[in-house]
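There are structures below to look over.
The same chain A turns up in both complexes below, where it pairs with chain B and then with chain C.
So, the complex of A and B:
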């Protein structure tokens, strides 16, 4: 393989692809990025066996088609540190030579055939979602995933695809985020009664990979795998196996108290009050009364905070308390001017934060 | 007759502009367990009594006349004192007596540190002579109310105060003219020990003639490391160059030098926020049976976790430590993925640690676990109830309830059942080598 690449474009492509390179030592060969040049284009591929990302690189002139393995860390360092606009990559059975006008690097040979195969997207049926919408779904849910492995399915996001819409649901057992957007099903593609659970890491990589909001992402769910395809990339991931808890059963059907607040105002109040909540207490008290909402927190050593915020409310007084981080996570993902409806019934019951019909966030109060 | 009460001290009268005298009073209950036994059973009075199984945990002055000492093997003790009465011990009664003494001290000063049940430090904002008077009235009050004798030492830091207590005990024995036995034979009551106070500024001088092992932290293994230096007294130690001692003992060397010079800045802490909880057991003879050690690990975890639940704490780590027959030690540490009081997880972790760290082919004489850091459990209710977890919680609550009513050993985990075959037990615990000291 012999190519001439534009250094900066090739660097950003390598950096993006490297997000699929395993951080732990799974298999030595996986610490490489595989480059594949054919007559027309050049693509990069990396995988940690759980997920794989293939990216087409622009600004590459192919002189001789072929394949090569590039050690991810080294090639990124080379591309970042050198200052030349164009670099020549020449791969032979001896190794890869990276050459500019004044620099030359030699990377020892590794056999490209040792690199695992790339599953293909397949062309039967798929869903189409606007990239901007898909990114919103990810950003508003993925922070709710469990990080501990006690209930493994909760470390992923439930992804439901119907005829006309797509839903992502994430929960760690203490809070639940549900986001929804429009989608188009082609060739009768739906997830039916057994929707996939996508690892949170995959969605993180996908999020970074979606650059243009208007481009269309094609999604295909297979047996134990999912594909996301954009114009110049394909992301493949294995799914998390196991039963996801029945989230529909816990969404409250009705609420006696409804309050409308702005996301930015609420975030400011919660942030200010939670200065005085620490890892030991992890608690923020909410007190709702006529015309105002009060946030209070306390540290283990007796520090206190009290923040008041005027709201439009004329009902009974009610108090409840949350882990403030749960609210901050959600509010950060919302535009500041967005109106959020807070729905409560009694103090011990979960509280629902709703933004239109497209987003719901359920938080269990602390006892 | 009205009871004599020690006057309560008022910290508010001390303003920050006056020079403040601070003295620390160390209080130690004499022959604690044995004295409680003699107090509660008149037939034991005047007779040699030892408490313990395997080794002597505590012995009365009558037994000491025959050369019986704490930590001596019972077989040896019996040899020295053929009429020795040996009792297994009843920790709950000792605890009650200890708490009574503590309550009396707390009436006098706010700041009391409980180092052990029979070992208290009181922070007194008065000068030495007043502190001695206060100590004497405390000793009298405890004698009247709890019917136990105590020894008291006073100094400007904890180290000097505790050494002064040792001197008080020694001086008490000297009053018998070195012949405790003839004193006892004449049925004369033991006189109270004097309250010993050390003048401020003379700490180093005071400690100088004492043997080195009077300092805290000098045990069997440290003494062995210090052997080549041929140290006899604390003064010898104080003159060793710091670098040499640190090279030999590491960080501990620095601390020891300071102790030897009479410097000790450990504060008197009344309610320490407990950051660790440990449970240990020692055996004599040492044990190498792996199944037994596994069962014991499970038992220790069971005891520690029931304490965790009682206090409403969660832990993030677990340490396992062991001492081999040749006094060498070994330990292992594991961090847990989340704050927890989950017994089965902790048991599995502890047993894994034992398997990984018990490598030498030597029997163990001590095995212990320690949970920490600890924090108050934050209960976050779950959106999706986990039926298995909630059933487990109910089971554990039930277990705690039964044990609170019928004693800890009334209910055992199957994993520690093996201990039943080999160890005697009472209501609250198995009998290890030192039942009362095995926490």
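So, the complex of A and C:
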């Protein structure tokens, strides 16, 4: 393989691809990025066997088609540290020579055939979602995933694909986020009664990979795998197996109190008040009364905060308390001007934050 | 299967046998099985009888583990000729007359079955005379058959000889352990009785036990508990015991406990006596352990003798045939009393581990120990923020000075036994030729040392503590102590000069303790806020266990755990204490619940917090092998004085070892 690449474009492609390189030493060969050049284009592929990402790189002139393994850490450092516009990559069974006008690097040879195969997207049926919408789904849910591996299925995001819409659901048992957007099903592609649970890491990589909001992402769900395909990339991931909790049963059917607040205002109030909550207590009291909402927090040593916010409310007084971080996580993912409807019934019951019909966020209070 | 059976052997149906009343001997032998298990239990029953008879002197002789012979001679009230036959018959006693008396039992024996039981499984000779009779009586009982009663002219009291134990119940005899094991058990039994006798104070009988004629144990009549402990464990142990006393409603607690250095690998060194009777009680073991929590290592057991006097109405002693267990009306109260008393006593003691140094070089007894101390590090930090190189100490060959951790090497306390490369010990010749250059930097280090006069008035003028005589952990450091004289060695230990001597601090252990105290202080006041779960977490137990956990539902709620039955052995966890942060609630809950099932007691709030906080503190403390800046060292040592128990980390390892100034001067031959 022999190519001439535009250094910066090749660098950003390598950096994106490297998000699939395993951080732990599972299998030495996986610490490489596999480059594959044919007459038309050049693509990069990396995988940790759980997820794999293939990117097409622009700005590459292929002189001689072929394959090569590039050690991820080294090639990224070379591309980052050298100052030249173009670099020549020349791969032979001896190794890979990276050459600029004033620099030359030699990377020892590793056999490209040892690298796992690239799974193919397949072309029968899929869903199409606008990249901007998909990214919004991810950003509004993925923070709710469980981090402990004790409840393994909850470390992923449930991804439901219907005829006309797509939903992502994430929960760690303390709060639950549900986001929805429009989607187009082609060839009768739906997830049916057994929707996939996608690892949070996969969605993080996907998020970083979606640059153009208007681009259309194709999604195909296989037996134990999911593919996301954009114009110049394919992301492949294995799914998390196991039964996901029935989120529909958890979402409250009705609420006696409904208040509308702006996301930005609520975030500011919560952030200010939670200055005086600490790691051991992590607790923010909400007090709702006519015309205003009051946030109060207290540290274990007796420090206190009180923040008031005017709202349009005319109902009974009610108090409840939350872990402020749960609210901050959600509000950060919302545009500040967005209106959010808070729905609650009694103080011990979960509180629902809703934005139209496309987003619901359920938080369990503290007692 | 049935074919095989029918082919190989013929099973006959057992013919019907009529139900009939057992004869007295069989009844006695069955009953004996409950009371008289081993020779040791014979001794216990008979010595208790002697005590109940007001004896001033009790002599126990036994041979071959007590199987061949047990002889108990006392000078108590004795038995009249008329009562002898009755005494050897089952359920005859002078200590109890009607069932209501069972609630008010004050004597050791009461069931009235001991003597008859023993008589039915051995060759027993009973000789006795009361004070007002001139001629006593004797009778033998061979395997339950009472011989003729004949006159006997011995001294006042009772003399019982039990020979050939279990000679007529071969099955039982076969199940006796080796003679040595029976001897051990018998002596253990007598030791327990000896401890129990301390409650009688000056009235306690003189107790002598002889094995094959040799004295195995002797305890004078008026011995106090500490003396009895000394007989049991030896002088050295006894001198480290702490006396303790506490009172609760209807309960009085006295006893001795070991300090934290007296820990043992088993709980066999824990004795509990309730109303003069040695008993086994898991909850008391637990209370004692809890009292020592954080002071001794996990997996080690404290030493102690705890004597409870409980109003007879508050304790049921009639729950175990061998009287080895009792049931308290309210065991939580007893548990709490013991726990608090132990805790308080230890706190008062300000337990402080000491650093011991020994010389292992034969024939060089007067080798200067100070060099060992100097060899800790080539670097000494001085007040001028300069690191001075002490230079290399020669080749790293065998070192004559060995640093020994105190008493028992704690697993977590791996004080280096070898010096790092380049810091090898000097040969004697080198010591001689290098002595002065090495002392010099030390002297520089000591620039700010208290002068002799300052030492003679240990608490300087500016000392805030007005009562310098009281031991106070917070005043270990002189108030005018110029901070900055620290040495960090191996990037893990700090060496600090304090009023009493030189302290070696384990930086990780100390920081752990400080963080632990800080977090605990913040939590102590408030409730434990609970984060509820949208989706309950299910934790599986065995079904009986789950019920036991659910029975304590409200107690769990106070700890911040909301639990519900989930059917079968499953428990649904609906909420958990916020302090767990990212730790898995179900895993922590399961851990705590299993502790509960082990001890039959709900972990107390304190206990639960302790283990959680220890976990949190351990993870956020500075590690060993971490170079600290002078300011960090200063802050760490300064905060040490604020800790509640600065001398132990939450896991019970020492945070600091002390080499006292006196020891140092002794070793240098100055005093």
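Note that in this section the second predicted complex is superposed on the first by the 367 of 367 C-alpha atoms of A that agree within 3 Å, B and C clash if a C-alpha of one lies under 4 Å from a C-alpha of the other, contacts with A are read in each partner's own complex, and residues count from 1 in each chain.
Operating definition for what follows: a contact is a pair of C-beta atoms (placed from the backbone, for glycine too) under 8 Å apart; a residue touches a chain by one contact, two chains touch by 3 or more.
Keep in mind that what you see is a predicted model, and the values were worked out from it rather than measured.
**Q** Quick one: on chain A, after the overlay, do chain B and chain C clash, or do they fit? Just give me the call.
**A** clash
**Q** For A:144, select first, second, both or neither according to whether it touches chain B, chain C, the two together, or no partner.
**A** neither
**Q** Once chain A of both complexes is superposed, is A:173 in touch with chain B (first), chain C (second), both, or neither?
**A** Both chain B and chain C are touched by A:173.
**Q** Determine, under the contact definition given at the top, whether A:364 touches first (chain B), second (chain C), both, or neither.
**A** Both partners, chain B and chain C.
**Q** With the two complexes superposed on chain A, say which partner A:191 touches: chain B (first), chain C (second), both, or neither.
**A** In the superposed model, A:191 contacts neither chain B nor chain C.
**Q** Given the touch rule stated above, what does A:283 touch, chain B (first), chain C (second), both, or neither?
**A** Touch status of A:283: both partners.
**Q** In the overlaid three-chain picture, which partner chain does A:245 touch, first (chain B) or second (chain C), both, or neither?
**A** In the superposition, A:245 contacts both chain B and chain C.
**Q** Taking the superposition as given, does A:323 touch the first partner, chain B, the second, chain C, both, or neither?
**A** both
**Q** Looking only at the overlay on chain A, choose which of 168-176, 294-302 or 312-320 in chain C hits chain B.
**A** The stretch that clashes with chain B is 294-302.
**Q** Indicate the residue numbers of chain A shared between its chain B interface and its chain C interface, in ascending order.
**A** 148, 150-151, 171, 173-176, 245, 250, 279-283, 300, 323, 348, 350, 362, 364-367
**Q** Sort out for me which residues of chain C touch chain A in the complex.
**A** Its residues touching chain A are 519, 522-523, 525-526, 529-537, 575, 578-579, 581-584, 586-587.
**Q** Hey, which residues of chain A end up touching chain B in the complex?
**A** Touch list, chain A to chain B: 148-151, 171, 173-176, 245, 250, 279-283, 300, 323, 348, 350, 362, 364-367.
**Q** With touch defined as at the start, can you tell me which chain A residues reach chain C in the complex?
**A** Going through chain A, the ones touching chain C are 147-148, 150-151, 171, 173-176, 245, 250, 278-283, 299-301, 321, 323, 348, 350, 362, 364-367.
**Q** Once bound in the complex, which stretches of chain B touch chain A?
**A** 337-338, 375-376, 378-384, 386
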